[in-house]
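Common to both upcoming complexes is chain A, partnered first by chain B, then by chain C.
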Partner chain A sequence: MVDEATKKTLSGIPLCKTKAGPRDKDLWVQRLKEEYQCLIKYVQNNKSADNDWFRLESNKEGTRWFGKCWYVHNLLKYEFDVEFDIPITYPTTAPEIALPELDGKTAKMYRGGKICLTDHFKPLWARNVPKFGIGHAMALGLGPWLAVEIPDMIEKGIVTYKEKDG
Partner chain B sequence: MTSMKEMESRIRELEEQLRAERQKNDQQRPIREKISQMSSEVVDSNPYSRLMALKRMGIVDNYEKIREFTVAVVGVGGVGSVTAEMLTRCGIGKLILFDYDKVELANMNRLFFQPHQAGLSKVQAAAYTLSSINPDVEMETHNYNITTVDNFQHFMDRISQGSLTGGPVDLVLSCVDNFEARMAINTACNELGQTWFESGVSENAVSGHIQLIEPGRTACFGCAPPLVVASNIDEKTLKREGVCAASLPTTMGIVAGFLVQNTLKYLLGFGQVSYYLGYNALQDFFPTMRLRPNPLCEDSHCRRQQEEWANKAPTNPAEADMAAGGDEPVVHEDNEWGISLVDESAPSEEPEGAGDVLGLVQGVKTAYSLPATTSDAKEEAGALAADADVSLEELMAQMKTI
Partner chain C sequence: MTADWDEVKRLAADFQRAQLSSTVQRLSERNCIELITRLIEDKLLDVVFTTDGKEYVTPQQLSREIEDELYVHGGRVDIVELSKILNVDLSHISAQVIQIENQNKNVKLVLGQLLGKSYINRVIQEINEKLMLQGQITVSELTRQYDLPPEFLLSLIEENLGKSIHGKQDATDRQVFFTDAFLHRNKACLRGALMAATCPTSVAHLLSQSGVQQRIFSCIIDSLLERKQVPGVITGSQSGNSLYIPSVYSKAQNDWINNFYRQNGYLEYDSLGRLGIGDPTSFIQRNFQNEKLLLLKSCAVGEQLVNQVEAALEEAIATSSFVDVMTHLPSMFEAEDCTRIVNEVLKSMKTKNPVQNVNVFCDTYVVPDLLIQNLIKGFDPLIKQKAQEAVSSGAYISSQAEMKIHSSKMSVDHEDSKIDKKEERRKKATGGKGGGGTQGRETKTKSTKKKYLRGKGGADDWDSDDDRDSSAASGNKTSKQSAGKLELLSFSVIHNLLAGNKVFQNEECEELVEEIAKQIYPALNKIALAEAKVVFESTMASTAQTRRKTHSELQEKLNALVSNVRMFDKGIKVFSDNELQQQLSKYLLKSLCTDIANDVFSYIAQENMIQFDQSKEMTPEMRLKMINEVPNDAKEPLSKLHKSLSGSSIDNFLSSLEASIGPGLCDMILRKQDKRKERPQIYAHRQSLLEQLSVVQDPAVVLHIASLILFQTLTQSILHASGRFVSNILSFLQPQLPAEMYNSFQQYHDMVLKLLKTDENDPDHVALITLLQNGMSGIKEMASTFKRPSTSEKS
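Moving on to the complex of A and B:
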C-alpha cells in the first residue's frame, strides 16, 4: 500500500493529537501548534537526510497555506508554488494540495491545479484521523505525486528547467 | 500616431459589432412574461398544463404547491445543472445555486452547458439559461467554495434563511464531485437539522447513487465511510493511468433524474421516497435500502440529532420502525437480484468497520473500512507533537527561518 521509503518518512513525522478544525477557536490554535511542530520536525528530518524538498507557511489564522516545493531530476532543480486551504471539515478530510502553475498541464489534476491522489490516500487518511496532519499530507500526497508526475512532464517537455533569476 | 487612430476606429467598429450581437441575443431572450398563478388549462401557451395534469390523473394532490418550495443545489456540474433544469421546468419556487467553478469545454460531454458559455461561472451561466426557460423561478447564486472558513458560515446562513419566506430551505441537494464538499454539506446539515439528498456518480462513470439524509433519523454522510455501488469490475483491469475521472452524460442524467424524482415525491408528498437508491450501469442493477444512523458517529451534531429523534420517535409508528432497525419487510414483487437487508446480528462479510452498523444491502459496500477503535496503541507510541510551551508565533517564525 505504502512503500518502505514512505513508511520510514512517515514514522519520522510526529503525530497530531488535537481533533480540531478551523472553526474550533482555541482548540484550533492548539492543533496549529501541533501542525507547525510536525512540519518543523519533518523539514529538519528532510534536511538531515539531504532530501529537503518543500517549505510551507500559513496566514496567521492557519487556514491558508502556501510555499514552494522542488524536485531534482538529472541534477536540475525544478521548483513549484504550492498552496491549499484548510477546509472546515479538517482534519476529518485532508487538505487538497494544489500546484496552480501546473493546472491544465497534466490529467492527474483536478481544476485549480489540485493534485489527483491515489486510491490509497483517502482510506489511509481516514484511518488516521486526527493523528495525520499537513506534514503527512505532504509526505503521502504531494511527495509521491511529484516523484511520478514531474519526470514524466519533463520528458514530455511540459515542464522545462528555469534558471533562478538573481 | 496613425496607429492610435486606427486602433480607435477599430474599437468603435468592435463596439458596434458587440451592440449588434447583444441586440440579437436580447431578441432571442425574453420568451414569456412571468405567470402569477399556475393554470391547468390545456392550451399550447400554458407551460404548466402537463404538470397540472398530474392532479387530474390522481398522482399529485397539490401540484401548484411546488411554487412555495425552495431547493438549494450545491454543485452545478454534470448532475447539479440537470437537476436545476428539471426543477426549473417543474416550476419550483426558488433555487439557490452554489458552485465556485467555471464552464469549460471539457464539460461538453455532459448535458446543459453550451460551448459559448465557456469561461462564465457555472452559477451565472446556469441562472441565465434557467430564468429564460422559466422566469417564474426565483434564482439566487453563490460563486464560491463552501468548504473554506470564509464561506462556510454564509453557506449555513443561506441554508437556514434562504427560503421564499426567509426560513430554512425545504431541501438541500448535494451534486458535488468530492468528499470534502460532501462532508462540508453534512456538517452544515447536521448542525442545522436540515434534510438533504446526497448524490454521486463514480469516477469510472458506471455507477451512481442518491441518498436521503434526515439528521438523527437516518445515517448521516459521516456515519460510515462513503458507500459505493459494486461495479463488479475486476480492480486489476480498471485502468486509472493518466486520468483522474471519467464521466458520461447518461449516468449523470440518470442520477439527476432519480434525484429530482425523489425530490418531487418528498416535497409534494406522493409515492415512496427512496432512502438510498444505487445504480450499477453495467448490469442495470438498482439496490435500495434504508440506512440507520451510527450511534458512534464522529460528528457530535449527528449524535445530538439522533438523541432528539429518539426522544420524539415513538409517537410515530414509522419512526419507531426506523429506530427499531428499519427492517419492516419491504416486499418486492420479484427479487431476481436476491436483494435482501443484512441483519445486524448476522455475521457480516465485511471484516470490520462502521458499515456493518448501517445494514447495507447486497451490491453496496463502504469504500474502505475503519479500525474499530480510533486509538492504536502501537502507533500512539510514535512521537506525538510535543506540548512545548512555545507560542504559535514563535513556531511560525521558526518555520520561516528553518
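Moving on to the complex of A and C:
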C-alpha cells in the first residue's frame, strides 16, 4: 500500500483525536491544537532526519493554509508555493493540496493546481478518519507526489531551476 | 475560549519556530557508504567488506581471524567454511590465505583446504601407526580416509619415509608402502606355496591359496628367483595368467616324453597336450632339435618310423605288390598323417631313385605302377571279348550315332554351326557309303577321347549318378546313352574281377579294390574302345570290299527279275479275261515282286545299319518297321513300294520300285527292256521249264509246267502263274491246240484234280496215281515237242 519509508514517517507523526471541522466552534479549536502538535512533531522529525521539505502557516482560524515546499534533485533545490483550504466536512474529507505554479504543466493535476492523489490515498484517509490530519496529508499526499512528478517534469524541461535569492 | 485560542496561537508560533530552526547537520547512512566506497576507489583506505556489506575488516584483522579459525578447527579448515564463518567473500579469503601460506611455513593450502603443521604431523603419525598395524598401506586408501589428493599424501609419505614413517615403498607401484616384516611374512608364505606345488599352477591360484597379494608377488618373486629359492620357473606374462611350473614337474614331463619317443619313434600332440604342453609343435622343435622329426597334423614322427615305412614301400615296389602303410604305423595315426608320411617317403625315394612310379590309394595304400599295369593286362581277354561283342551287337555303331547327334547338338552354339550342320546333313545323306561312315567314326573317337580326358581330370565324377545311368543304359543296349559314351566294361565288372584277383585275396581291402577299379576304369574303357575301334575297322574294311560286289550283283539280279516281271506282265496281258488278268497280276506281285521289294529293303536296311533278322522271310510288318527306321528321305518311296505290293498293278509297282532304288537310295538304274535280249530270255525260260519238266515226277507239277510251256509255245510270251491257273490256261489255249492234245490234257487235269480231292487211303488213290504216272510221259512228250503252228496256218 504505502512504501516502507512512508510508513516509517507516518508512524513518527502523532494521531489526532478530536473529530471536528471548522464549523464546530470549540471542538475545532481542540482539533486545531492537535493538528499543530502533529505538524510540529512531523517537522521536528523531518529536521532531525535531515529531511525537511516544506514550510506551512495558516490564517487565524486555521481554515486556510499556505506555504512552500521543495524538492532536491541532482543537488538542485526546486521550490514551489503550496496552499489549501480545510474543507467544511473536514476531517471526513481530505484537504485538497494545490501547487498553483504547476497548474497546466502536468496531467496529474486538477484545475487550480490541485494535485491528483494516488488511488491509495483516499481509502487510506477514509479508513483513518479522524486520526489523520494535515501532517498526514502532507506526508502521504504531497510528499510522494513530489517525488514522482518533479523529476519527471524536470527531465521534460517543464520545470527549470531558478536561482533563489533567499 | 480565549485561552484555547491563545494556545492555538502559541502552537502556531511553536510550529513556525520548529520550522525555522536549522536542520541538524548529520551524515546519513547512505552518505557514509558512499564516502567509504569513494575512499576505497581512490585507494586511500584498505578494508574488506563483509558479505552483508555492513562491516569492514582490515586485511590484517582478516588474516589474524583466519589463523585463529585454523587453530580452532584443529589445524585443518576449508576456506569455503572460513568464508562462511568470517562472513567475508571467498575471493578475499583465498587471496588472504595465499598470502598467509607464503608468509607462514607451517601452513599449507591443499585443494581448498588450509592445513596447519600440527595437523600434518598428526596425519604422518597416523599413517605410520596404520602401516605398523597393517603392514601395508596404499595411497588410495589414505586418500579415501583423509580426503586429500594422492599426490600430496604421496609426497608427504615419501618425505617422511625412514624418518617418522618406517616402511618401504613398492618398487613397481609407488603408491604402495609396506613394512619389512610384512614383506618377509609374504615371502615366506609364497616360498612355501611354491615349494609345495608339484604340477603347473597358475600364479593367481597360488596367490589365492597363500594369501599373498598380486602386487607384491612380482617384488617377492624377483628376490626369490635371485636367491634361487624357487624350484621352478614362471612362464607367461606378468599379468594374471602366468603359470608356475615346478622343475620337478617339467623334469618328469621331459622324462616321459623322451622315453615315449625312444620307445615308439613318434610323439602324439594330444598326449603332449594332456601333459600340459600348450604348443606341442614348438615344444617338439625346441626339445628335439637334434632329431629329424617330421611334424604331421596330429603327431610328430621320428626317423625310425619313416625308415620303416620306406622299407615297406621299397619292398612293395620290388615285389610289385601293394602295401598298406597304415599297418606299419601306430594305430592312432590318422589317414591324413599317413598320406603325409607316404608323400615324404616317396619324395625322399624319388631323390634316391627317380624311376619308380607309385600310386597312393585311400590315403594309406601304396600301389606300384607295375602292379596296376599287371592288373590292366589281366583284363585283355575280357576287353577283346567285350569289344567284339560291342561291334557285332551294334552297340558301338549306335553309340557312335548317338555321339554324332550329341556333337551336332553341342555345335549349335558354335560359331560355325552352319557348316557343321551342313556337314552333318551330308554325312547323313551319304551315311550308306563307307566314306561317310569313316568320317563319322573319326568325329566320334575324338569326342570320346575328350570325354575320357575330362573323366581323368576330375576323378570324383566317376561316381556320379549320371555315369551310372549311362552305364546301365548301355548295358541294356538301348539307345538312351546320355552323352553317347559307350561303356564297354562296367565299373562293377571291373570291381568284381579285381576283387577276385589273387593279389587282393588275402587281405581286407575292399576300399583299395574300389579305388583301383576307379583308377583303371577309364583306362580300361579307353583300351576297350580302342579295341572296339580296331575290330570295327577290320569288319568295316571287309564289308566295304564285299559291299561294292553285292551292290552290282543286286543290281544285276534286280534287273533280271524286273525284266522277268515285265515279260510276265506281258504274258498276263495275253489273256482277254480281265478278272483273270488281275488275279494273275496279284499272284505275280505276291511272288516275284515281293522278292524284289524284299531285296531292296534288306539292302537299304544294311546300308542304314538297321537291325533285322536276315535268316527269316521278310514279312509286311517287318517292312513297315523298317520304313519307320530308315532316314526320312527314303521313307516315302519305300512306303509307296510297300503299298504297291498289296495292290494289283504291275506298272504301279514298277514305277515305285524305280523310285525307291533310284539315286540317293540305292543308286541303281533299271535298264530299259532290251528287245534283243527278250528272245533269248524267253528261250532260256522255256529251257528251264523243260528242264524242270523232265525232272519232276509229281503229276500236278508236271501238268502245271507243261501248261506253262504250252502257253509259251503258243503265245510266244512267258507266264508266271500258280497251279490254280492251269485250267484257265488250258481253256485259253483250247482253240489253238489240236483237239486230241487238249483232250488228253483236260483228261489229265481232271485226273489230277480227282487225285487231289481223293483221300490218300482211298483205294482209288493208288489207281489214280498209277494212271497219272502212265500218262505223265505222254504229257511231257506233248509239252516238249509241241510246235506252234505257223501263223499262216493259224490264220
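Methods note: the second predicted complex is superposed on the first by the 165 of 166 C-alpha atoms of A that agree within 3 Å, B and C clash if a C-alpha of one lies under 4 Å from a C-alpha of the other, contacts with A are read in each partner's own complex, and residues count from 1 in each chain.
In this section, contacts are C-beta pairs under 8 Å (C-beta built on N, C-alpha and C of every residue); 3 or more make two chains touch, one makes a residue touch a chain.
These numbers come from a predicted model, not from an experiment.
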Clash or fit, chain B versus chain C on superposed chain A: clash
Chain B versus chain C as contact partner of A:P14, first or second or both or neither: first
Chain A residues touched - chain C or chain B, whichever exceeds: B
First, second, both or neither for A:D81, with chain B first and chain C second: neither
Touching partner for A:S48 - first (chain B), second (chain C), both, neither: second
Touching partner for A:P123 - first (chain B), second (chain C), both, neither: first
Touching partner for A:D24 - first (chain B), second (chain C), both, neither: neither
Touching partner for A:D103 - first (chain B), second (chain C), both, neither: neither
Partner chain(s) touched by A:L39 [first = chain B, second = chain C, both, neither]: both
Footprint overlap on chain A, comparing chain B with chain C: 29, 32-33, 36-37, 39-40, 43-44, 47, 55-58, 62
Chain A contact footprint on chain B (complex, rising order): 101, 104, 145, 147-150, 152, 178-180, 183-184, 187, 222, 225, 240, 242-244, 298, 367-368, 370-371, 374, 379-380, 382-386, 388, 390, 392, 395-396, 398-400, 402
Complex interface listing, chain C residues touching chain A: 1, 4-5, 7-8, 11-12, 14-16, 18-19, 21, 23-26, 28
Complex contact set, residues of chain A against chain C: 26, 29-30, 32-33, 36-37, 39-40, 43-44, 47-50, 52, 55-58, 62
Chain B partner contacts - residues on chain A that touch it in the complex: 11, 14-17, 22-23, 29, 32-41, 43-44, 47, 55-58, 60-63, 85-89, 92-93, 96, 107-111, 116, 119, 122-123, 126-129, 131, 133
